[in-house]
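First chain A sits with chain B, and in the next complex the same chain sits with chain C.
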Partner chain A sequence: MYAQMVKTDTTKVRDLSEMSAQERAFQERIDRGEKIEPTDWMPDGYRKTLIRQIGQHAHSEIVGQLPEGNWITRAPTLERKAILLAKVQDEAGHGLYLYCAAETLGVSRDELIELLHAGKMKYSSIFNYPTLTWADIGAVGWLVDGAAIMNQVPLQRTSFGPYSRAMIRICKEESFHQRQGYDIMMKMAGGNEAQRRMAQDALDRFWYPSLMMFGPSDKESVHSAQSMAWKIKINTNDELRQKFVDQTVPQAQYLGLTVPDEHLKWNEDKGSYDFSEPDWNEFFEVLKGNGPCNRERMEARVKAWEDGEWVRDALMAHADKREASRTAAE
Partner chain B sequence: MKKEWPLWEVFIRGQHGLNHRHVGSLHAPDAEMAIKNARDVYTRRKEGVSIWVVPSAQITASDPGSKDALFEPSVDKIYRHPSFYNIPDDVGKM
Partner chain C sequence: MTEPGDKIANDVFFDWLLRRGDTALVLGHRVSEWCGHSPVLEEDIALANIALDLIGQARLWLSLAGEVEGKGRGENELAYLRDAWDFRNLLLAEQPNGDFGQTMMRQFLIDAYQSQLLKALATSADNRVAEIAVKAGKEVDYHLDRSADLVIRLGDGTSESRQRMQAALESLWPYSGEMFKGDAVDQAVVAAKIAPSPEGLRTEWLSTVDAVFTEATLSKPETDFAHTGGLTGRHTEHLGHILADMQFLQRAYPGATW
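Right after this comes the complex of A and B.
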């Protein structure tokens, strides 16, 4: 998802009888559906895992601006340009909500950004793919934001209060993102032959990377089991992927486009689609930094951070100076 | 120079004369920039007509550890709620 393969430092999920009194009380609060707030006691692993997960989620929002930002100056109409600008601005906002949620756990935003730039934190694999045509902007909104919504809607119920509140805000805004993407796809798929081909090509290239967003099957993963016990993960990767496929295939059919999977088939017995797994070797290569755009994305982030440094410093110096003269005048 | 912009808590009043409500936080060098940033981060869809910003360091919070003792006095005073009183249906709406 926007956070993929988050580690928990856990080797075995313990049941209540194996926990200390403090941990047991904590787990029981979660089991009762109570929200954990930043000043409440929490196990170290819960705190660390959340910092990783929320941090990765925030980084994904920020890096996710880059593939779409690529098309702001080349949007086909002024209206499309204004819409895309608003969407990319929303992503910046979503990143900020999430950094703030992470900061309540005792890490600073600058620290998180520096960890990202040092390659010590990740962002979603999906943003390492290029946006080659205008139809890709449609596919990103429709598929990538669609997949993100699948994960973020259940996360509104997550146990950590600030994360839950950020998710509620984000979900409210996210459905515009998916709809504007599908709107672009409808226009392209209903256009001339060249436009229709671009729409199909965008679906061909973004289908499997979108399925990868949910991460590999985690049925056997102790980290996922622990995260689910803590309610910072609500569904398994396979559940969400299945739901995404079931929801998306009819939308592709409506567009008259073909999902690039010859094994895709409705399964009457289970009441959902059978489909092919993405190439997980490719996924792991992208995570390792060898995707089509990994280097470009990180270079763009680091450059923006370094180029902006004098502005951040100057504004801070100005504020400090004004504060000093104000205090002196009193 | 390495100084992170301080954190501010943001409060927004919605359209209909309700109280300012805490909506989140953000980093800004000073109060003026905090207001401007809050406009962009928290009111992109007409969520408010007024913004307050307060340095996070200035917030004093109640101690979560003494939550039970702090709120205990209101637990057994059910007569403070209208549903405590039985008014016969014949009286009409009250």
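Right after this comes the complex of A and C.
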């Protein structure tokens, strides 16, 4: 998932005895593992939280086209170019499924896009980092898609039917993306000196931003507890981050690359790695708009939207003309 | 498959194959520049898909070109290690994207030509050419459906969109004539029954584009003037920039594997 710090409008997670009969029946359905469908009754908070979460995820897929698209024209072989194009096309497709899932909750794609452009909705902090070398395309697939998969696999079991079904489709494609990223890293890490330098540099720059993708610790967060009760969040941020580190460190070792964390150490007792927290000040600055590429990313998206207005208007006008002539013919 | 025609020299056949491969490669490159910047999400997906098809076609043509040349060059050596004067793409393919309307107009003019050319090549006496043409032809027919439909909808949309599409047509039209001007390379592939003559494709192409322009309420420019040179290696200034972008890694790190 590419959603971070999604608010729930909740101040306290209530137990069943504190709920109205309707809310209780809803919570019991979730507890039984039933899927909630768009036409079913749902609490306002559930609907709003899902819109924020799915919307943020959809925006991330769309903005995420930019750092990868940055290397399509410069991909080093035609096969790599084709693979990257296919991948970026998949990301746009994920955005489309997710906006459709959000639409079932009563919000249009255009409304969500306008909220994004007005700075009222977020996309994942990770896409505010630049892709400076070809190895970054490998690192994005390996680390960024790897972190996204950590989150998305459990979300296949999320309580909201359309979101769960979108996740099932998306996960299939994401695992291919991660493999292609790792494949690029293998070539780079096993390549010449310049390529190895690019590979290490990519890991150095993407390691902590990837850890930030899970969001700050949310053990004490009421929003997180509420989302977990609603099964729109399945694991805590720390659980997923730990899992990601445990999976990724051996992969980095296999590549012969060094994870940029001097405190990284296998902990025999807990059966997992100890590692350093990312710099959360940096994370909050990126969320505030002060990441290396926030301004460029938003400008690119807003420009695409504004430059495309005449196209969207023309397509609507043409559809209206066709409709009018069809009606006139009847 | 057609019975074999006259024997063709490898270097001539190679040149003709580069025209196919380079046009697909350069057009695919241009279309891929839209990634993440198109007017609506469905178009981001569609344009990436078209670029992907075109890059795929370029790979097939260039691999075959390398095989015919017989000097050990493959798709990547041909795409990444030739300079502009050795590229044989249509000038139309390298024209800048401009606005979305200009991109769609460029696509439509080329799709309408490629669709007919590939249909004819499907019965080429060279079965390697025929195989590529069958595969690429299916993709290009779909591209043509889409680009024709968009030219119609944007032409007959709002007054602004009509004006933009008419401007796109006028600026690109002089680059369309190059598709139908045959030379000695074409004569050789015609004699070898590998390909049809370019001149012979013009009538049907015109009937396709005329029908679409009428429905799109656009006026075809009066001029018959045609910029040429792409097919023999004299390009516009744009191609050098495309190659500087595309070839950067292969040029900066010679011999690396990626």
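In the analysis below, the second predicted complex is superposed on the first by the 329 of 330 C-alpha atoms of A that agree within 3 Å, B and C clash if a C-alpha of one lies under 4 Å from a C-alpha of the other, contacts with A are read in each partner's own complex, and residues count from 1 in each chain.
The rule is short, and it goes like this: a contact is a pair of C-beta atoms (placed from the backbone, for glycine too) under 8 Å apart; a residue touches a chain by one contact, two chains touch by 3 or more.
All values reported here derive from a predicted model rather than from experimental measurement.
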| item | value |
| --- | --- |
| Larger contact residue set on chain A - chain B or chain C | C |
| Touched partner set for A:Ala329, first chain B, second chain C, both or neither | neither |
| Which of chain B and chain C A:Arg312 touches, first, second, both or neither | both |
| Which superposed partner A:Gln65 touches (first chain B, second chain C, both, neither) | second |
| Which superposed partner A:Ala21 touches (first chain B, second chain C, both, neither) | neither |
| First (chain B), second (chain C), both or neither touched by A:Gln89 | both |
| A:Glu173 touches, of chain B and chain C: first, second, both or neither? | first |
| Shared chain A surface residues [contacts with chain B and with chain C] | 86, 89, 93, 96, 109, 312-313, 315, 317-319 |
| Parts of chain C lying in touch with chain A, wherever the complex brings them together | 25, 29, 32-33, 35-45, 48-49, 51-52, 55-56, 58-59, 62, 75-76, 79-80, 99-101, 152-154, 156-158, 160-161, 164, 242, 245-246, 248-250, 253, 255-258 |
| Chain A residues within the chain C interface of the complex | 62, 65-66, 69, 72-82, 85-86, 88-89, 92-93, 95-96, 99, 109, 134, 184, 187-188, 191-192, 194-195, 300, 303-305, 307-315, 317-319, 321 |
| In the complex, chain A residues that touch chain B | 37, 39-40, 86, 89-90, 93, 96-97, 100, 103, 108-110, 165-166, 169, 173, 312-313, 315-319, 322-323 |
| Contacting residues of chain B [partner chain A, same complex] | 1, 3-5, 7, 24-27, 29-30, 33, 40-41, 44-45, 61, 64 |
